[in-house]
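Please see the structure below; I have some questions.
Read from first to last, the chains carry the letters A, B, C, D, E and F; within each, the first residue is number 1.
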């Protein structure tokens, strides 16, 4: 198959769909790979790195879209990209179509086959391409909480883990799924006092075993949420509202 | 030296000063050991066990007191024992004389040299014969707390460690010395939420490293004690009042 | 639905089926809740707490049974309660009918639909309403063992975890299910030397990972049981006889 | 003694020397305490909180400086404050005089007795009032590193702890003292790959025991520093240059 | 059933299929057991031990093969054993037939029913009789690696775990299945720096939770393998080539 | 100072006293360093590596001994080396003179100042240059034990850590000093059941905290040693006989 990797064009998007290691896998499997020049600039990968991995470098996104059977991106395609997609072409990237009907129309019009990372499902019903994003989100959430607690950021002037003799921040994690679990791991790693609320008792049991008593697990009732949230310094709500879960792939975590 | 081990006579004292293993050490070091028959009954050690360890068994405490240079006990001597002690004899046992002037007078009158376990000091100022009692006390304290929390014992009906999804008991340990530390180890081992209060910040740092974040350490101020005690399900106070520490060997933990 | 919570009437039953937090959930979901006065006395919940949660307080169990579509209890109904149940009424509580044919007859006669907590099964074959009881049972078992080992309770005079330099108690847990696992967690938390015997090697592997080497796992053969039990200070047998497991919901742990 | 607590006046200084809990300790010990109105605003403590703790609130710093025997601050005094200090008055705060000769002259001129927190030494040669600042500094350092690694902050776009399947950041901590140790604890807590370099092998041994193998300890030679720093994503240098350590209390961590 | 246990005859095979504990289980279940004299010599079990477990001892393998319905061994049968097997007899042992067509022919010719331990499959698709061998293999692999790293064995002169201040060996485990996981547990237990490569991200997540951050998990690409292997002191490759997995039960780990 | 590093000449000595990193430190501190060609062959360090570190390479040990003020080795000097040492020259290496009077005479005759690594004492009475050897010895001891337990090495055919469901080896460590502690760390890391015996209760307490309950600590009496040794699969005796400790620097661990 001919696989193409254009540079991402959305503002502040530093990632790239086709990393050099992936190029090497495609090439080893007998595919040919075209990569737009500077596609890896945001992750510190030069054109030369791509060439060593087996890619051919081309000077423009236009060439990438024009000559490949599958386009690998990370961000949803932008309007200028919809226009370049065509029938018999596969687009492989995050789409998050639910809140973005314009994109959906653009993709339909192009006639391409668009596979959204966030909807790829494994044999156990898991979302293998979404889970790493949730892990990242959960871990980043605690770094964000730490920053938000600083006094000069308008916070309460707390250090997440306190220091010996001084109480740590009390962090409540609502929803013990992938995001919540990774948030809780970072929070306990920094020394916070963490409570995880979830409506699944089996999941709370797993978390109790995973954290070996380092987090409090609490069954999530209205009362429990109220008590915990009012007593908390930081609250992270990582569970889906039921409706969003059914209708939308957008609420990634 | 001739070493003698009488049976303990105080009600509910099941221990014995000279355990068979100690007899064996004395004998190996060239001493002779006389043990009263049934001295080890409370710990399940028969006269035969003592004989195998090298002791001679005699039929009465009187014989033990009469013919030995050092008497090894565990409980403070009772009035009938004071009368049997004599000059040039060493008594080695816990004494706890401070609250017990009658015993002090009895010992003075006997003319013996009485060495109280609880006052033996090592080169670093530690109390090597008192520390194990403090360890035992701290560990037992949590078992006692567990029993006291039971509803049928008049308690709040709490399980120290809760279960997954249900909050554990909140245990406050005042004083992070030997007793408090061992109490905190048992409490965290059972899954409780533990806070240790101490007026020594260096000690709180040591505890923070020892427990690796599993207990909260808090510098003990009036305010901190008030907040923690009112929020606690169990409070253990294991620190000495300053005066007791100076004047008395009695307040063992 | 109209949901009613009577006070428990069996001696030494301090629990209550409808806790205030549950009332709040029912009310938030659009149900109406009637609670007998003093129903929460045993858990320290006043009538006022129930009122704040949205319940109406009535003066007698009779009123609760008379006017509700579902009766929520925790203990199996007593003879005086069978008489108050009626057709078209749901009873939701622990029943443990196997050893109690009189109760079964009483319930049949009432015509009510009785759902036993201990038989509610989740999609993976688990028993979600029984598991917490098993967790509590396993945790309590070790507190009971600690009490039974005390010399003044007729025990061997051992402290479960020993102290540094002194051997801990050797505790053998037969059956690595929910009860056994929680018992083992408490025992290791207190510092005991723990062996878990089970006839499922996959379960022993899970336990080996869970305890990270802190318990010995041993495949349960006649020989292994014999060796371990004779060497143990405490033995907890938490596995079902096969027949009991098939015929009875009573032998909960 | 009459103890006074003025509000801090340096820009972005949100702390206050006399916290309400400390006021309560002074008052309980028989001292009188005057606090400037709004002194606790930056930490969320109202005048009322101070009053409840036993302080008298006054309307200006002038009144605080005029009528008290000891002034408790946290930040070094500013020029307007030097002018208000006087003979027979104790100033208790951080001073960091080494790089600030103007302040030294101002204090000398005032005639007050100024005790710098950072120079208070305990019986083991430790710096009890400096150590908590070092703990805070070490912990904050890792939060700062996390922020600096973000791509939109100009960093390499790394998450400190990576996620499963993706390598974590490699963090090198130069100097295994208080700051370095706390930085390493936070870094390992977040999942980083941490190496601590130190020139004291005994200290590396302590750290090896403290971290139980979770950090690499490496004896610090020119070669080791070179190798580790070039391989690292983040480097924290927390050791004093020798000269600074001798001459100056300023280089707090 | 009549169960027979011959002595193993292959050179350097010290194991025995029927251990005394298993004999006891068979006998308790109503079977009769014949064991060849000295069958347990390699594991230190005397004929007497077998007799106490309920076995009858016979003087030759011939008698064992002649008179039993099931033969329990551990090693694949040797040519002299094929000849003694017969129709209506079950052979229960490891076979590993894939690379050993001669054995396959020998067994076919005997007419016996041969059940290979390594092909017994549980209800979840696991290989319960193979898994323990894989666990042993993984654990032994690290002991072997430790020996191979010694200078006098031609190695690099490294100690797997280093010592404080000196870098440990860098061990790369390719394949995070049973063998690789147990190898990684031993390697981290000895203090090595361990990376596990696997092509299953869900498995890497499980390993990340199991090891709580003590091993690096890395998704296995050509690039990752290349980088890790070149940086490693020890490499263990514990994954199946795809083809071997499909065609053969021989490549057990 | 002129520092010289000859190649080690004793059979099977692969180490070298002057490693390249040390050369770099000496040179950075203003010293000049001469290294014999191939001195680093045993550790994989080429002459070029030494040159890059700042050393001058010379063709023979004779040149190294002839022109330097300090000779740095690792192994005790051999007879041919005694002859090359001279007055006003420092020899810095392990000596272990106690069991080697010939060496002592040789050194005395040379007139050099010989400083034995094993006798260098720090301000706390520690032996900083001996401790790493003890750490290595303790860690190697367990690898040696693992090898000795193998059946083909004449052992009992045990795997140190067993596997899930199978008992691990029981390892008794006599003496909880540096060697014993490191041996115990490796043994617990491999999953063994470890008991440490020591006559110092304070040391047992430290070990109990260090191992967090993963090893049994037991006060070492004749009785305890007897019981533990007879029950053990492996015994490591790492304590000095009292006399050896006083008279000899040779019995390093």
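As a convention for this text, contacts are C-beta pairs under 8 Å (C-beta built on N, C-alpha and C of every residue); 3 or more make two chains touch, one makes a residue touch a chain.
Computed from a prediction, not measured in an experiment: that's the story for all the values here.
K.L.:
Looking at E-F and D-E, which one has the bigger number of contacting C-beta pairs?
P.N.:
E-F
K.L.:
State the chain with the largest centre-to-centre distance from chain A, centres being mean CA positions.
P.N.:
B
K.L.:
Measuring from the mean C-alpha position of chain A to the mean C-alpha position of chain F, what distance in angstrom results?
P.N.:
Centre-to-centre distance between chain A and chain F: 50 Å.
K.L.:
Averaged over CA atoms, how far is the centre of chain C from the centre of chain E? Could you give it in whole Å?
P.N.:
41
K.L.:
Considering chain D alone, which of its residues make contact with at least two other chains?
P.N.:
Residues 132, 161, 164-166, 188, 191, 201, 205.
K.L.:
Which word fits how the chains touch one another: line, ring, star, complete or other?
P.N.:
Drawn as a graph, the chains match no named shape, so other.
K.L.:
For this structure, enumerate the chain pairs that meet the touch criterion.
P.N.:
Pairs flagged as touching, ordered by label: A-B, A-C, A-D, A-E, B-C, B-D, B-F, C-E, C-F, D-E, D-F, E-F.
K.L.:
Please give the residue numbers of chain B that touch chain A in the complex, ascending.
P.N.:
161, 164-168, 188, 191, 193, 201, 204-205, 207-208, 213-214, 216-219
K.L.:
Note which residues of chain E are touching chain A in the complex, please.
P.N.:
Touching chain A from chain E are residues 201-202, 205, 209, 221-224.
K.L.:
For a test of understanding, state which residues of chain E touch chain F in their complex under the given definition.
P.N.:
Contact set of chain E toward chain F: 12, 14, 42-44, 132, 135-136, 139-140, 143, 146-147, 151-152, 156-157, 159-161, 163-166, 182, 185-186, 188-191.
K.L.:
Okay, in this complex, where on chain D does chain B touch?
P.N.:
20-22, 24-25, 28, 53, 122, 126, 128, 131-132, 210
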